[in-house]
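Common to both upcoming complexes is subunit A, partnered first by subunit B, then by subunit C.
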Partner chain A sequence: MRLRSGQLGIIILTPTLLVMLALVVFPTLWGVVMSMTNISLVGRGAVHPRFVGLANYVKLLRDSRFYHSLWVTMFFTIFSALIGQVVLGLALALLLRKKDVKGRNVIALAVFVSWVIPEVVAGYMWGSYASREGLLNLLIKALRLDVIGLEPTNWLFYRPLETITIANIWRGTAFSMILFSAALESIPEFLYEASSLDGATSWDKFRYITLPLLAPAILTDLILITIWTFGVFTMPFIMTGGGPGNKSELWTIYIYRQALLPPYEIGYAAAAATLMFLLTLLLIVAYMAVLKKGWG
Partner chain B sequence: MGKEKPLMYFFMALVALFFLAPFVWLILSSVNPQADIRFKLPSSITFDHYSKILTGRTFAWIMNSSIISLASATLATLLSILASYSLTRYKFKGRGALVDFFVMLRLMPVMVIMLPVMMIFARMGLLDTLLGVILLETALELPFSVMIGSSYFETIPTDFEEAAMIDGCNRFMAFLKVTLPLSLPGLVTIWLLAFVTAWGDFLVPLFLLRTPDKFPVSVGIYMVFGEHGRVNYGLLSALSMIYSIPVLVVFLIMRKYLTRGIAGLAIR
Partner chain C sequence: MRPRNYLMGVVLSALLLVSVLGVGALYAHPEKRVLRVCYGEPWKIPTEDAIKEFKAKFPDVEVKAEMIPYGVDIVAKESADFAAGVAADVVLVDSFMIPEYAEAGYLEPLDKLVEAWPDWKAYSLPMRKIVSYKGHVYGIMFDTDVRMIWYRKDVFKEAGLPVPWQPKTWDDIIKAALTIKKKVKGVFPIYVPAGTKWGEATTMQGFYMLLLGGDAPPKNRLYDYKTGKWIGKSPALLRAFKFYYDIYVKYKLAPTEFNFVPDVWGTWRRTFGPDRLIGMALGGSWEWGEAWGPKGIAPVPERDKVIGFAKMPGWSGGAHGEPEWVTVSGGWAWTIYSKSKVKDLAWEFLKIVNKRERVARYAAAFGKVAPRLDAAKVPEYAKNSYLMAILEYLKFTDYRDAMPGYSKVSYFIQETTEKIVLEGMKPEEALNYFYSKMVETFGKEKVEVIPIGG
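Showing the complex of A and B:
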């Protein structure tokens, strides 16, 4: 062989690297450049974009709608991912572990299918499900849920943020469920048997065996789903489009609307996207540090 | 234990309801001659919606989705074979950093790059072309494809290749005749997962395409759903069902594999 093997390795890696550099890395950096201009889709900024320094960032930090989108994203992430998906995912993983319970495979399958069907389809069917005369309201009436304060309503109009949050629990729980199921499998059975001999209750076992041994998996799960939930766009966008007004306007939807709806301020939206990039980068670095450290 | 059982089945019933109920309207309205956004049991059943999908613009959308997914999955598979082979068979400086780099790219929200890509593609004449969508989908599939490819090549011992090389094969022939056939299941996995990633994607074509004739199914559904006035919900639901089938088939085949992959994250 004429080439030293290390060189050949780099040569066959080059096409992939070029594609990634051209289509992902360069655009990310170009986005930072764009965020310092007044570039727009129409008007003067479309023909002759000007360098404006950090003006977009200054404007962003004074934009109450931007803060609102941050708040919406926080609410959405905390309640749908950090609370909803983790708690429900853990409950389901514990349930799937019980070999004597009938029907658990059907449940696991339903949760899995909710996770993998195309996002647009999920958003479309939730759009009907949560509408005024949708099945959700029929169920609320049939189950007499008004006794716990749930009244039929047009959920996407009057409770848009809560509705996309619950829809996202529906959408994303499968990942946590599968992750926790795997982690539970790795807990040795004898720990539970030994604790039974010592008279531990089910709760004791959960509190002193399951939960501590699950902690690393929970940490991995929390970081990953936080990163993913930050980037969620499609399903909420199909369901509410960020509205009514900007009531359910996630960060991602804010960026889309700033850039592709009037006043088409792309440079300004790019500044918001750059902040999103930096924050996610921070989370990813944290995640990778956790992975590298290992669990001892 | 006796007290827990009924409570557990009650919990399971609630969970089943929560996860299954949203599907009911979609399935029913796809066969309902008078489908509506409202939930109503159909008085009769029709398959007209399904037969109409294969004509007109909905058929064009299915073709566009197919072209985008086939092309980008094939490109991503070819590129990732080379990259994964390099990452698992060669030692060079910065290899570990590259693997980290791919993990990082895989986790980054796509929204971050959509505006710059849109502006760059506009200058290059790639905006509103399927080629532009194919290229970006390929780039977005690559990190995951390379990760899967690397984990497959790692399971194939280099001994076989070395034996082939001793028997007179050059490195390329050894790869072609020994490693590639052995890693075929991995390549199929890469291709299928890349295919469904592009097939289900909405964000990229939403930003990069303007002409309705060029839309894939995802953007088509959004556009029709967003059209106020007389939306043909029956047709749209049937289209959603057909559109979901390839994804469901692939993921149900891959379920064990994905579960194992996620398990790898849990246990380290």
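Showing the complex of A and C:
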């Protein structure tokens, strides 16, 4: 019997589809179902959950803490992913391409180390680094940075959101750097040589050769890290737990705190998670549209 | 058919048969029974000791120890394990969660087992009550505790305050703290846990110590046992919130930051102990051994000389009908997961881990109060002067209102104290905030108001 290529495709895809169905689609749908109940982690609601319709969503949309977490997440994503990691990643990739820069291996190693350290360990490291008696304050004192207005302080308490944002840049830059490095490798050398003959400056080369040819990579990078950063939980959770109060409460931490700490409301947290899923989906669709239109 | 092929066929068939049977036998072989034991790192030493004894008695059983390390929220982890259906067979739980776990059907009732267990008589009535819910026993208390004011004798001396020190009213406490603020530089005069990061410790170490001394019983509680309602507003609640306001906001005597560091426990133990950054604090009796003892996590040299403790007074020292002295007890209990497949082994483990000698020796080594009355017969325990000194506290100790829903109420307390210390919320506003949270959660008809100024 001969298979048509369509049938063969289906057969090959089936195992993957089944796994996706079981591990992605089903849990997502189950989350939606749970978001319409009053299921809780402990107590009576854990055994006898009731259907409550859209009550959780209504309550959520009236919860100022929810909007606050949304804003915290936006800040965190824009500054740590879009600005921090992309710009720094690109700068590092360009730097590492220059053969005459001394110590570039050391820089590359430092960036990689931040990436391979387990997140929990990194979280506690930052907790200690940014504490009142931490290394950061010692550096500030040693370098006399108080001259430019940087005073030693308890960073996790007084600047929690800024601190977790910078920590996330530190952690995530390696990915952007690798992606850009690979993309840079694919730009043919002769383009630069030709432009040199035409009298192009370094800036011209960057502006008219490197940047346009890197654009697809930049867009891919943006999509991936935006989605990841939206879902970041571990390191900020360990560093501040969303606090003090809820000053650094990311969306993910908000969901965690609703479900696994008192009030232990899993149904309510599921509603927040479902909204988060929809928003992320929207972002992906928007990016895909741009990708198709721009550099497809 | 050639005989040779025939022979080959027979041999191959036989081989196939043997291998199938062999594999079958491998699987059919009675699997080693496994007992999973879950506990937090503070109980590492006595639990590992008990596991050793258990293994010696049941060599055929494999024991999997699942220790939750310091820095992880034990209650959150265990609650999630229960809810996900993957909890260990034996779980050491914070006793205040027992009603919520029992309501959810996570715990196995132990009524018949404890009845047939001679040692059960060694547990006092309060210790049996903590682990009971709606007439069923769900656990066995492993340790219990009392709470007190810890103070630094060296700081007090430097401030010119008397040592030993025993305040008689809340005013005495605040006055002493103000003196420290004036006389001793670089020290936070007082620390009372606040906020949600501390979790239950905020409610237990700080808030209950204030609430219970805030008014005459039974108005000094969170739950009215006569009406079956939660108390959402009362003079005791207001006085307790005001105490936080006074020390954190009005007089700025307490270190707000310490409530929000990644490791609140470690920070408090170090800053009060070896670092000498705090003058006095509300805390639990276990700290003597677990934190500042020679085997503790933040040992203090010459501990007995520099650290002292005093009883927590009622707000006016009993002059307005409130208790003269206040303390509150909690503790951890061994339970059996209702879905365990080795409940018989789990019970055997419970009997071993709760043996009198172990409970007493562990309590003595870590300065914990043993829940077994017969622990005092064990020499290590009886000879411990610290434990003998805090025996006095057991006479007036009290318990949390751990009814179903308590963990939510407790969370609202933590949230309210957080608003006070972070945002400077006034005591009256704090009371209104707490009340609104209670009404929102339980409904107005389930929340009682005791008139203020009445």
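Keep in mind that, in the parts below, the second predicted complex is superposed on the first by the 251 of 296 C-alpha atoms of A that agree within 3 Å, B and C clash if a C-alpha of one lies under 4 Å from a C-alpha of the other, contacts with A are read in each partner's own complex, and residues count from 1 in each chain.
Keep in mind that, in the parts below, contacts are C-beta pairs under 8 Å (C-beta built on N, C-alpha and C of every residue); 3 or more make two chains touch, one makes a residue touch a chain.
Source: prediction; values computed, not measured.
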*Applying the touch criterion given at the start, work out whether A:V47 contacts subunit B, subunit C, both or neither, answering first, second, both or neither.*
second
*With the two complexes superposed on chain A, say which partner A:G31 touches: subunit B (first), subunit C (second), both, or neither.*
first
*Considering only touches as defined above, state whether A:Y57 meets subunit B (first), subunit C (second), both or neither.*
neither
*asked:* Contact-wise, after the overlay, does A:F75 reach subunit B, subunit C, both or neither (first, second, both, neither)?
replied: neither
*Tell me which partner A:Y192 touches in the superposition: subunit B (first), subunit C (second), both or neither.*
neither
*Per the overlay, which chain contacts more subunit A residues, subunit B or subunit C?*
B
*asked:* With both complexes superposed on chain A, which partner does A:L13 reach: first (subunit B), second (subunit C), both or neither?
replied: first
*asked:* Quick one: is A:Y124 in contact with subunit B, with subunit C, with both, or with neither? Answer first, second, both or neither.
replied: both
*Of the two partner chains, subunit B (first) and subunit C (second), which one does A:I238 touch, if any: first, second, both, or neither?*
both
*asked:* According to the stated criteria, A:M288 is in contact with first (subunit B), second (subunit C), both, or neither; which is it?
replied: first
*asked:* Going by the contact definition given at the top, which residues of subunit A touch subunit B in one complex and subunit C in the other?
replied: 124, 127, 131, 238, 241, 260, 266
*subunit A touches which residues of subunit B in the complex?*
4, 8-9, 11-12, 15-26, 29, 37-39, 79-80, 82-83, 85-87, 89-92, 98, 100, 103-105, 107-117, 119-120, 135-136, 138-140, 142-143, 146, 170-171, 199-200, 202-203, 207, 217-218, 221-222, 225-226, 233, 236, 240, 243-244, 247-248, 251, 255, 258-259, 262-263, 265-268
*For the subunit A and subunit C complex, residues of the former touching the latter*: 41-44, 46-47, 123-124, 127, 131-132, 154, 156-157, 238-241, 243-245, 257, 260-264, 266
*Would you tell me which residues of subunit A are touching subunit B in their complex?*
1, 5-6, 8-10, 12-13, 15-17, 19-20, 22-24, 26-28, 30-31, 34, 39, 88, 91-92, 95, 98, 101, 103-104, 106-107, 110-114, 116-122, 124-129, 131, 133-136, 138-139, 170, 175, 178-183, 185-186, 202, 216-217, 220, 224, 227-228, 230-231, 233-234, 238, 241, 252, 255-256, 259-260, 266, 269-270, 273-274, 276-277, 280-281, 284, 287-288, 291, 294-295
*Hey, which residues of subunit C end up touching subunit A in the complex?*
71, 73, 76, 79-80, 82-83, 97, 100-101, 103-106, 195-197, 199, 256-257, 259-263, 404-405, 407-408, 410-411, 418-419, 422-423, 441
